[in-house]
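Working notes for the structure below.
Labels A, B, C and D are assigned to the chains in the order they are written; within every chain, residues are numbered from 1.
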Amino acid sequence: MTDRDVVSALLPDGAIDPANDPGLPEAELLSLHRYMVLLRAFDEKAVALQRSGRIGFFVPSTGQEACSIGAGHAVREGDWIFPAYRDHGVGLVRGYPLSSLVGQILGNSSDTTRGRQMPNHWCDASIRLVSVSSPVATQLPHAAGAAYAAKVRGERIAVLTTFGDGGTSTGDFHAAMNFAGVFRLPVVFFCENNRYAISVRVEDQTAAGTLAEKARAYGFSGVRVDGNDVLAVRKVVGEAMERARGGGGPTLVEALTYRLGPHSTSDDPTVYRTGEEVAAWREKDPIRRFAAFLRGRGLLKDLAEEEAAAKEIVRKAVEAAEGAPPVPLSGMFEDVYAEIPWHLVEQRASLLSGKG
Amino acid sequence: MTDRDVVSALLPDGAIDPANDPGLPEAELLSLHRYMVLLRAFDEKAVALQRSGRIGFFVPSTGQEACSIGAGHAVREGDWIFPAYRDHGVGLVRGYPLSSLVGQILGNSSDTTRGRQMPNHWCDASIRLVSVSSPVATQLPHAAGAAYAAKVRGERIAVLTTFGDGGTSTGDFHAAMNFAGVFRLPVVFFCENNRYAISVRVEDQTAAGTLAEKARAYGFSGVRVDGNDVLAVRKVVGEAMERARGGGGPTLVEALTYRLGPHSTSDDPTVYRTGEEVAAWREKDPIRRFAAFLRGRGLLKDLAEEEAAAKEIVRKAVEAAEGAPPVPLSGMFEDVYAEIPWHLVEQRASLLSGKG
Amino acid sequence: MTLIKAVTDALATEMARDPSVCVLGEDVGRAGGVFRATEGLQRRFGPERVIDTPLNEVGIVGMAIGMAMNGLRPVVEIEFSDFIYPAFDQIVSEMAKMRYRSAGQFTAAVVLRAPSGGGVRGGHYHSQSPEAYYIHTPGLAVVMPSTPADAKGLLSSAIRGADPVIFLEPKILYRTAKGEVPEGEHLVPLGKGRIVRHGADVTLVAWGAMAPVAESAAEAAASGGIEVEIIDPRTLWPLDIAMIEASVKRTGRAVVLHEAPRTCGFGAEVAALVQERCFLHLKAPVLRVTGFDTPFPYAHEKSYLPDPERTLRAIRASMDY
Amino acid sequence: MTLIKAVTDALATEMARDPSVCVLGEDVGRAGGVFRATEGLQRRFGPERVIDTPLNEVGIVGMAIGMAMNGLRPVVEIEFSDFIYPAFDQIVSEMAKMRYRSAGQFTAAVVLRAPSGGGVRGGHYHSQSPEAYYIHTPGLAVVMPSTPADAKGLLSSAIRGADPVIFLEPKILYRTAKGEVPEGEHLVPLGKGRIVRHGADVTLVAWGAMAPVAESAAEAAASGGIEVEIIDPRTLWPLDIAMIEASVKRTGRAVVLHEAPRTCGFGAEVAALVQERCFLHLKAPVLRVTGFDTPFPYAHEKSYLPDPERTLRAIRASMDY
C-alpha cells in the first residue's frame, strides 16, 4: 500500500474490514468505548469549568477521541509516552487517574504536579507519561532520546509521541525524524492531522501531498489511517509499536481526523471554519461510529446510559478535587534545582516573611 | 526522470551528451574554465597564506569548482545569491572582484567589509551577493524571504542559495524548504553533497536514499546532478532558475561532488577519510574533466599555461592588498546600529582615549 | 482606545502609508491574530501583505530577514514571546549582526512583535518576560510600551526605523490599558523615556505592565509622605540613561521593578549603570523588585509577580536605609 | 596537563566509572571532536556511547534530554558555544524547566559542553561568551573553569550532578593553560569559588580566560603597591556570593572582568549584588571591564577583548575614586 491510501476498519454498515481488524477481545472493545465516552465527558466538563471561571484555560480533544484512545491502547507496560497537550486521552487509557487529570486542571493541592503548569500539561512518571510542554513538538526529540536509551540497553519497548499537523512544520519534527531514521530508533510518531493549526489549514501548512510521505525524507515509512476509526488507529499504531519493539525502526502515522471544538477555550473557530464543514465532520463522530459497530455486535446496549455514567464519574471527581486547599506558597521555590540554592532560599524567605 | 537518476553532460570520452548540453557559446565555455582555474589558484594561495600565518583561517572549495562556478554562471542580473562559506566561486563568476576576495581574507583596510568577519564571510550588495554567516544553513530562510519580496512585486528574478549535505539536517533547511513550497517561491536550493559534514559521512547524516528526494516532503521536485560536471550543473541550475523566474516555484538540486582538501585549514581529514577514497575522487577532478572536453573541441591549448596565468593574477592581487593598512579602530563601533547610540559612543571614547 | 487597538491602529496606519510594510506570523491573517492585534488587516491589505505562515518561527523570522533585505518592511508577530526561542539563532546570529558583518551593505530591519509578561494565568509558556536576552545582544533595539499612545507611537517609529526591533507588548494591558491615542500618523521616538510621575524622594524605574504597578505603589507611598519619581524608559535598549541619571542625582535613591527573573535581568544592568554614574549621590543601594528565579509558576502567579505591596516595601527600604 | 586533556580525562574517567555516561555531538566520534576533546573515546567506549550525530543542535540537545529522562547521563558537545542557539528553545523551555514543571517526576540532567570565548581569530561566530543568557534562565547551572584541575573536577561533578549544566570551556586556554591534574576520580564541588590571589585593596572577579588576564593585571598593580584579591567563581551560577561578599567587605572595592558584551552581562549582576550587599563598605562603585557592545569583531579582536592594561586602569580608577 502507498502512503496515499488510508487504512480504515469500521465500515459504513457497522461491519469491520477483517484485513484491518486489530482482533481485540470483547472486553477490550468495550473498554475502548468506555474510555472514549469518559474522555468526551471529561472534556465537556473541563470546558464548562472554564466557562464558569473555575479553571483558567482548557484544550479539548472532542472529535479526536479515536486517535488518543486508539493510540494509547497500543501502548504497553514499559513503553514511553511523549504526548502533545491535546492527548490526555492517551494517558487516560494508560491508567492515568481521572482524579489526577482533574487535579491538574484545577491546579490546587490535588494536582500531583503542585500547580506548576496550566491545564493540559500533565505527567505521570509511574506510567512513563512525560510532562507536556506548550511549545509545539519539543517532545519529539525527547522521544527519540528515550528510544535511544532503550535501544542501547536492548530493552524490548517502544516510544509513542503524539503531535498535530502543524507540528510537522517545526524544526523539532525535522530533527527528531532525522535522528530516529539515522539511529533506527524504536519510536512511533503519531500525527493527528485535524486539518487545522489553530486557524491555519493543513493545505497552508505544507505543499506536500500527505503528511505521511514526509517520512520518506528520513528513510522510513509513513502510514495514513482514518483517525475517526478507533479500531483502525489501534491496528496501525499497534503494528508500528510492535515493529519498533522488534527492532524494525521508526514509523510515522498520519491520522486523519477533525477537531469538533475550539482549538482551546481562548479560541473562536467560527472566524476560520464554516458551520457546514463542522457539521459534516460531526456526522463522522468517532464515538457514535464505534458505538454502531458495538451495537451490531450486540455488545452495547444503551449509549445514553454509558454517557450518563461517565458524566457522573467526572462530576464526582471534580467535586472531590475542587475542595482541596491551594498549593503551599513555599513550593514555588522547590524543584528548580535538586537542592534549593542560596538565592532561592533568600527569595523564599523574603516572600514568606513579607519583607521581599 | 526520477530523483535517483543523476544528470551528467560531459561523457568519459570527452564528448558531451546532447540532451544535457546547456548550449553555451564558446566564449562562455572558455570563461567557465578560466574561472574554475582561477578559483583553484585562489584557494591554493589562500591555504598557503594560512599555513604561513599571514591569514588566520580558510575554507577551500578545491574539488567543488564545477558546483560553484556552474551554479554561479546560471545567475543573472537581478537575481539574488545567498551562499555558504565554501562558495566564493559563485561570487567570483558573478563578478565579485578578486581584489575584494583577497581583501576580505586579509581583513585589512582593503576589505570592503571593514575586517568585520573571518575569511570566507564575504558579501557584495552590488551583485546581490549576500553576507555569508558561519551557522550552517541560516541563509536558506533569508533566500525564501528575498524570493517572497520579488514575487509579490512581480519581478522576473530568481534566488540561488547554496549549502552542503550537512545543511539538509538543519532546522533552517526544513523551515526554508517548507515556506518555499507553501508560497511557491522563486528560489533554487543548491545542495553540494560532498559526502561529508566535516567528519560525518552523508550516510550518517540521513537515512534517506537521496538528498534530492527530501524536496517531496515540501511539495516540489528535487534533481540530482553530477557535481564534478560543470556543464551538467550549469544546465540543471539554469533550468531551475528559469523555472523559478517564470513562476514555476522552487527546486532542490543535489550536486554529487567531493571536497578534495580539508574541511578548513583547521581540519585534518586523514583521521576520517582514506587516501584511496581521496585518490579515486582526484581522478574525477572537475577542472581536468572539463579541460579534456575543451581540448576535444579544440578550444583549449595549454592548461598549464592557463594555470600559471591564474596563479600570477592571484599573486599580484595578494601583493597589492597585503600592504594595505589595518582597519581603523573607531570602525569597531560603527554599523552596530544605523546611528551610534550613547553607550557605544562612550565605549569608543574609552577605548580610543586609553581610559576604558 | 485600548492598547491592543492602538497596536492594530499603528499597523493599519503604517501599512496604508507605506506599501512595503507587511505583517507575517501564525494566525495573523484569516484569524486576525490570537489576540486579534491584526484583526481586519488581511481583508484590507490582502493575503500577500498579511501572511499566514506555517508553524515555524525560524521560517517566520528568517523569511522576514530576507524580505527586509529585499526592500520590504516586515512586521513579525510571534504568538507569545515564549515561542520566539526556536528562532533565537536567526535573531541573535542573523538579524542582530547583518548590518555589522556586511559593513552596512545589508540590513535586517525587521520589527518583531510579541505579547509578553504575566497576569493571564498562562503558566510557564504564556507569561515570561524575555527582554534581558535581547538587551544583551548587540544590534537589537528592545521596546516595551505601557500605554496605548506609546504603543502606537513606538511601534510606528520601529516600523519606520532602520534597525531590527524586538517589540514586546504587555499582554495583560492589551484590554485593561485605555487612553487617548492620536488619530492618523503618530510617532514616539525610540530611545526616549517618559517621566510618569514626578517626585523628589526616590526614583522608580518600571516598564510594561509594571508601570501601572509602580503608579499604585507611588500613590500609597505618597499617602505616607514619600514622593516617588516614576520613569518608564519605553525603549529598554538603547536606554534613556540621561533621564534616569538626572533623576537619581536629584533623589539619591533608585528602585527598579520588573516581571522577569531577577538574576541577570535588566534590573541588574540598571543597577550597575546607576551605581557607576551616581555613586556619590546614592543614599541607599539600588534595589530590585522582580519576578523570582524560578520558571513562571501557574498557581502562584499572583505571588510571583511584583505587586504594589512588594514595590512599596522596597521604596520604604530605600528610604529607611 | 593541558586544559583540553583534562576535559578528555574527566570524560574518560567518568565513562569508565559509570556505564550510563555517554557523549554525543557533531564530529565527537570518529574525529574525536573539532578540538579533539573526545579523542580516543569512541575507540575505547564504542559508537553507542560516543555518538556522532547529524548536524542539528535541536536534535542533539533534545535527544540528550530524552536520554537523560530514560536513565542515561548524556554529555553533549556543541562545537562552538556560538552554535548552541538553534537549540536555545530546547535548553530554556525544556532542559531548564523539566524538573520544575513535572514537580520532580522527570529531570533533564544533561551536561552541555561548549568551547567559548575569544582569542582564536574566530570572528563573530567562533568567539562569543554567552554565559549571561543561561545565568538568566532559572533551572540551569553555569560553569566555566580556568585551570586544567578545575576543568576535570568541575566537569566530573557536573556529570554526577542532578541538574542540567551549561559547561563553557575557554577555548583559548585549551592548550595554553597547563597544570597539575589529580589522576583518577577528581571532583571539584559546583557552587564554590576559588581565591586565585589574596589581596587587601581591591576585589577582582574574573573567570575563564579572564582569570589569567586578571593575574597579569594584579602583578602589575602589585608593583605599583596595589594588592588585588582575585576571585574565580568557577561556577557562575549559582554564584559563590559568600566568598565575594566577604572579600569586598574587606577590600571595599570591586572590579568585575569578562569577555562578553557589557550590557546585561554577568558583570551587571555581580555589580548589582555587590552594591546591594556591601553598600556601606564600598569606597568606589563596582567597575566593569568587559567586551564592547558590538558583535565580536574579527580584525579588532585584540582591542575588543579585555587585557591586563584595561584591567589595571579599572583597578587604579577604583583605588583613586
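In this text, contacts are C-beta pairs under 8 Å (C-beta built on N, C-alpha and C of every residue); 3 or more make two chains touch, one makes a residue touch a chain.
Note that the structure is predicted; figures quoted are calculated from it, not measured.
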* Going chain by chain, each one touching the next, work out the least steps from subunit B to subunit C. => 1
* Roughly how far is subunit C from subunit D, going centre to centre by Cα mean, in whole Å? -> 30
* **Averaged-CA centre spacing for the pair subunit D and subunit B, given as whole angstrom** => 36
* Asked: Distance from the CA centroid of subunit A to that of subunit D, rounded to the nearest Å?
  -> 40
* Let me have the rounded angstrom distance from the C-alpha centre of subunit A over to the C-alpha centre of subunit B, please. => 45
* Multi-chain contact residues (two or more partners), subunit C -> 53-54, 56, 58-59, 82, 85-86, 89, 93, 97, 100-101, 124-125, 138-139, 263, 293-295
* For subunit A, residues that touch 2 or more chains besides their own -> 114, 116-117, 121, 133, 135, 169, 171-172, 174-175, 178, 182, 204-206, 336, 343
* Hey, how would you classify the chain contact layout here, line, ring, star, complete or other? -> complete
* Structure fact -> As the complex stands, subunit A meets subunit C at residues 56-57, 107-108, 111, 114-118, 121, 133-136, 166-167, 169-172, 197-200, 204-206, 266-267, 271-272, 326-327, 329, 331-333, 336, 343-344, 347, 351, 354-356
* Given the complex with subunit D, which residues does subunit C contribute to the contact? -> 82, 85-86, 88-89, 92-93, 96-97, 100-101, 124-125, 132-133, 135-139, 237, 260-261, 263-269, 271-272, 275-276, 279, 282, 284-288, 293-295, 321
* Quick one: in the complex, what on subunit B touches subunit A? -> 169, 171-175, 178, 181-182, 184, 204-209, 213-214, 216-220
* To do: Enumerate the contact residues on subunit D facing subunit A in the complex.
  => 48-49, 53-54, 56, 58-59, 61-72, 74, 86, 89-90, 93-94, 97-107, 138-139, 141, 161-163, 191, 238-239, 241-242
* Flag every residue of subunit C that touches subunit A in the complex, lowest number first. => 26-27, 29-32, 34, 52-56, 58-59, 82-83, 85-86, 121-126, 262-263, 292-295, 297-300, 303-304, 310, 313
